[in-house]
Amino acid sequence: SSEAPAPAESSSFEGERESVRYLTGFNTFGRDAYVYVAEELGYFDEVGIDITIEPGSGSVDVMKLIASGSADFGPVDFSAAVVTVANEDLPVTAVAAIQQRTLAAIVTLEGYGIESPKDLEGKTIADQPGSTNEVIFPAYAEKAGIDASTVSHVPAAPPTLPQVLATHQADAIGQFVVGEPLIASVAQGRDVVVLPYGDELPDLYGTVLMTSDEIATTNPELVERFRTALLKGLEYSIEHPEESGEILKKYHPTQDAKAAAAEIELMAPFVPGEGELGSMDPARVDVVIETLSAAITGDVTAEELVSFDLLPGAGS
Amino acid sequence: MIDIHDLTQIFETRTGTVHALEGIDLTVEENEFVTLVGRSGCGKSTLLRAISGLVPPTGGRVAVAGDPVSGPRRDVSFMFQRPALLPWRSVIDNVLLPAEILKLDRRQSRVRAEELLTLAGLAGFEKKLPHELSGGMQQRVSLCRSLLQRPQVLLMDEPFSALDALTRAELSNELQRIVADESTTIVFVTHSIDEAVLLADRVVVMTPRPGRIREIVKVDIPRPRTLGQGAHIEDVARISARLHDLLHPTNETAAA
Amino acid sequence: MIDIHDLTQIFETRTGTVHALEGIDLTVEENEFVTLVGRSGCGKSTLLRAISGLVPPTGGRVAVAGDPVSGPRRDVSFMFQRPALLPWRSVIDNVLLPAEILKLDRRQSRVRAEELLTLAGLAGFEKKLPHELSGGMQQRVSLCRSLLQRPQVLLMDEPFSALDALTRAELSNELQRIVADESTTIVFVTHSIDEAVLLADRVVVMTPRPGRIREIVKVDIPRPRTLGQGAHIEDVARISARLHDLLHPTNETAAA
Amino acid sequence: MTVTARTPVVPSRVVPNRGAAVRAVLLPLAAVVIAIGLWWAATEIFAVPAFIVPGPQLVIETLFENFAFLMQQTLVTLLETVLGFLIAIVIGVPLAMAIARSKVLEQMLYPLLLAVNSVPKVAIAPILLVWMGFGITPKIVMVVLLCFFPIVLSTVSGLRSTPSDLVELTASLSARPIQEFTKVRLWWAMPQIFVGLKNAITLAVIGAVIGEFVGASSGLGFVIVQSGASANMALAFSAILLLAIISIALFYILVLIEKRLLPWAEENR
Amino acid sequence: MTVTARTPVVPSRVVPNRGAAVRAVLLPLAAVVIAIGLWWAATEIFAVPAFIVPGPQLVIETLFENFAFLMQQTLVTLLETVLGFLIAIVIGVPLAMAIARSKVLEQMLYPLLLAVNSVPKVAIAPILLVWMGFGITPKIVMVVLLCFFPIVLSTVSGLRSTPSDLVELTASLSARPIQEFTKVRLWWAMPQIFVGLKNAITLAVIGAVIGEFVGASSGLGFVIVQSGASANMALAFSAILLLAIISIALFYILVLIEKRLLPWAEENR
């Protein structure tokens, strides 16, 4: 994993140090840079945490690994968390929002005849079967007033999606908003058209920081320390995208600092919300559950999904 | 040494049943040299395998040294009709195989192996691989291998078939010496009446399908014997003629 | 029919060079029956292979029917020292292999194959697989196979080594009939002096390492011949004795 | 003092041995039962959560709940597997034949085959999709890519290991190369070719699944992706179970064909 | 009228033939050059965009730009591959030995091995992670899982195909089973075991890559996932190129060992 960076300043933490295993959301792209920023700037050190960062492989895997105790914290798409926790009873819980609005989007190219959600009717969307984007789509379609039955979904593995779009094998693909530069790089000069789900479904959260129910109940103090440091890194990174890109590249030399900075800039508007950075609203969570009800077979409550008492500004 | 009673061997194949041996009764004394003769396919090899314990008989009993045979024994050595050399081993290592398996003394075995190879005219070929040898040379390697362990009982299936008369004579002499010096019991298959008479105390004549013993001919000529020479030329001729008759079907009635 | 001039065959192996043949000069006339005798390992099989074109000679020239040999010929048939049967083919299908390869008439070939098998005492075994046969039976299948195609030249490497005297005699007769009726030229390796004399027009005696021709002995006894019988018993004895002398090293000086 | 063993020295194949036939069914069954038992014990005793490894009851329940659907998907995957496998044979055996005959071809082709073989197929998924679309073609291509190499390797080795005795026999009959091949080498190589085929058939199943991972809306690979994406491990495991059954069934079909076709082979006697 | 061919009938191995040695290097090289030429032509002529298939120049440029980094990743993958491969041999050969001896074991174990073998490994990658963490262990386990089956299959077949002649020979010497195995069957099986190993080594490379697809932060598999996700096909292809080179190198190391160890084998004569 990552080499230990020189602490920015000698540790000011007095208590007992703890080790934390952290998973990124998916690999090591700009959208996950904030954890490296936090480490590089010594934020974890300040709170007495020795962190190990492993690249994750998507929301569901991250939840599984946290639930089974193989990792302690990780970012998970909240919509994926709602559906998975509801259906499969994973003992995981959210302890902070990373993005207040969902990054999920439909992405297409100029000239494919899609300018607004309405244009999706009669078109094909390529996406991984069962992915969050696909799962949310019916709710999105309803809100946007599209007849979902006229839209056909083409199954394709995530790494193939940009190529599938660029070669017009499909009219649109499921992506996160931050994927825009990636799509632009293969679009051969065409403009990228992004239709964020957040436009129609403003209540959906984006990524949230999750930990296991066990850690949340037995070690709330660690959760708070960790969450504080991570959010500090997040805040710094959206304010300093360029520098964050460089930091990421330092940890992962194959990453392109500019591309990472671009992702962070794209992500920045989705991070802050009404309240404190990272906060979540029980009423909104209920709306999210309601919105996704079509994909949910089990029962789930907001409290099962989110540890409201551990959220930023929850009074501690 | 070897007691065979009412031995029967049947092979079932996709295309029917072959009665290879039927009602074989034979006793071979310790230190006796018995040769088996009979037409090709009459069951000679099968009989040797039954004695060796390689193939459990379909019926009847075989005992070696008083013990019923239920599998191969360490004191019985078998020289197969085909050389059965290990293609990845040099000549000397092929000959040394029994020493390795029976855990005999390494150095002594090596000395003996080299002696045997020299005797068989294979000096200088110790390091060759089997496929670099002629057919007769391969057979001689196989012969040396079967002699390495100084067994109590030696079962030999046409050991000289691929050899010229001279090599045959030399190796026959060695075999007679072994029987005399090391009190080995030998059962020896051959197609040569001369060889059968030269070597045997008794010659067992078999008839084919089903393989039965037609007659056992005693060869009461004093040893050492040599081919086509010596005082007992008349005895040899008489016995040879008798064997010839037994093996020849036109003299069918004369036999029995 | 066969012209061999100054033939040399050298094998290079990991462990050194073997001079298998050196300066072989031999001419075999059409319809002649030549036997090769010599001690085991003297190069008889190697000579046959050189004639057949299976192995290009290291030096010298071989011609068959006037054409230099550069590879196997359709009118030359080779019976190998080992049976070389295809384990997945039944007896009859093994015998029919040449017919398939040479695209001979199917029905005729089948009739001939059955005739040959009967002659070789294998009637009833047509459907068996090779591993269900005795050693001698396998050799007979191989013999039948080599006779199927009525070749002009027949190269036979110890075809009777695993056979009993009776079967040997029967098949020898058949071979002589083939030479007489079908004007086949035969080169035949054997270890049996009797067989060499019985069958050959000329006997080629070879000496080992390097393999050279020691002498060629003419057998001018009228045909058909039978073993150990007939009017020319003295001629046979004389020639046999001569061959014995040639093959026997203590009489070294007597030869040459 | 006596040996009265009456057991004939008969390969069980020849005189159909009832015990053997029963054993051929009972033993694998026993093994499967034991395996499922261990699986159950492992999940129960170590309290492995169902979202990591679901217990057998749950998986089998799920399997029967979705039986009709899963059978349909199984058929899709089976079809891709079998088609790709047959194509791999049709390509692989002649290729192996050419390679076995010619050192030059071997030295030129093996590095290329190895290169193709070592490419992680998932990594070239976009190429396949762009090139061949979402139909059955890319799945079949994936199957062929995954399973032709063991066929080639085993066949080449089998053809090359033909004893020189038998090669000389055909040579002495002036057999043409194709005759040498069809009458001798191919048959000699058969037992080894079957080893290659048995290897290939299990890879073929994997190939079909990977093909479906890349872009499919049916097949067991699709089921695994979809259920994996929602952490529905019970459904994923039912699909995996069906894959295992397909693999085992296809493998034993090959074993049966082999025993029929090659009764003379040393291993089948 | 005369045959004056002076070519000795000598396997080229015996008298080191310079031409053959040169050919053994030049021909594969030629093949690779041709392949790269075709690749170049395909991308140029059909104007395939670089985000689908990058041209060779671009890939090789990228490779040299990231040379030190890629070498590090190559070493990681190589280590996993070789370790896993060796473990697979250590597990596979004794297992094959047991299976070859006992029909009962065969009938019990083969279905299980087949089942394990047919599970799409990517689908169980998270299980391995949960069980074994993010270290090198799950990658090595993946390698073993992918490559032990061909070893077992080939070894069993090799051991079983030992001619009855040779088996009877050891039997007649009252050899213990272990002696029969070490002195005869194992050697007889060697050429076939090597076929299994050659198959296994290419699968081992793939296994390491699949292991790195999930839960790794180094190795060529990691590079491929990362570059694939950012449509950086040039980098992905450099990694694939290095994988191919690893595969080819390991394969030919096996070939060399085989030729050294088994000069008597029909195929090596």
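We call the chains A, B, C, D and E, going by the order they appear; numbering starts again at 1 in every chain.
Note that in this section contacts are C-beta pairs under 8 Å (C-beta built on N, C-alpha and C of every residue); 3 or more make two chains touch, one makes a residue touch a chain.
In this text, all values refer to a predicted model and were calculated from it rather than measured experimentally.
**Student:** Show me the overlap between the contact partners of chain A and those of chain D.
**Tutor:** E
**Student:** Which two chains have the greatest number of C-beta pairs in contact?
**Tutor:** D-E
**Student:** Comparing centres built from CA atoms, which chain ends up most distant from chain C?
**Tutor:** Relative to chain C, the chain whose C-alpha centre sits farthest away is A.
**Student:** How big is the gap, in whole Å, between where the Cα atoms of chain A centre and where those of chain E centre?
**Tutor:** 39
**Student:** Hey, how far is the Cα centre of chain C from the one of chain E, in Å?
**Tutor:** So the centre of chain C lies 48 Å away from the centre of chain E.
**Student:** Measure off the straight-line distance from the CA centroid of chain A to the CA centroid of chain C, and report it in whole Å.
**Tutor:** Chain A and chain C have C-alpha centres separated by 86 Å.
**Student:** Between chain B and chain C, tell me the centre distance in angstrom, where each centre is the average of that chain's C-alpha atoms.
**Tutor:** Result: the chain centres lie 26 Å from each other.
**Student:** Out of chain D, which residues touch more than one other chain, so two or more?
**Tutor:** In chain D, the residues touching two or more other chains are 52, 122, 126, 130, 164, 213, 228, 265, 269.
**Student:** Residues of chain A that contact two or more other chains, please.
**Tutor:** Where chain A meets two or more other chains at a single residue, that happens at 64, 68, 159, 163, 167.
**Student:** Could you tell me which residues belong to chain C and also touch two or more other chains?
**Tutor:** Expected reply: 11, 13-14, 82, 129, 131.
**Student:** Of all residues in chain D, which touch chain E in the complex?
**Tutor:** 23-24, 27-28, 30-32, 35, 52-53, 103-104, 107-112, 114-115, 117-120, 122-124, 126-127, 130, 149-150, 153-154, 157, 160-164, 191-192, 194-195, 198-199, 202, 205-206, 209-210, 213, 221, 224, 228, 236, 240, 243-244, 246-248, 251, 265-267, 269
**Student:** Could you please specify the touching residues of chain B with respect to chain C in the complex?
**Tutor:** For this pair, the touching residues of chain B are 11, 13-15, 18, 37-41, 44-46, 81-82, 121, 127-129, 132-137, 139-140, 157-158, 161-168, 191-193, 244, 247-249.
**Student:** In the complex of these two chains, what residues of chain D are touching chain C?
**Tutor:** 165-166, 168-175, 179, 183-184, 187, 190, 262, 264-265, 269
**Student:** For the complex, which residues does chain B have touching chain E?
**Tutor:** 52, 54, 71-74, 76-78, 80, 82, 84, 86-88, 97-98, 100-102, 129, 131, 149
**Student:** Considering only the defined contacts, which chain E positions touch chain A in the complex?
**Tutor:** These residues of chain E touch chain A: 49, 51-52, 66, 69, 125-126, 129-130, 133-134, 213-217, 222-223, 225-231, 235.
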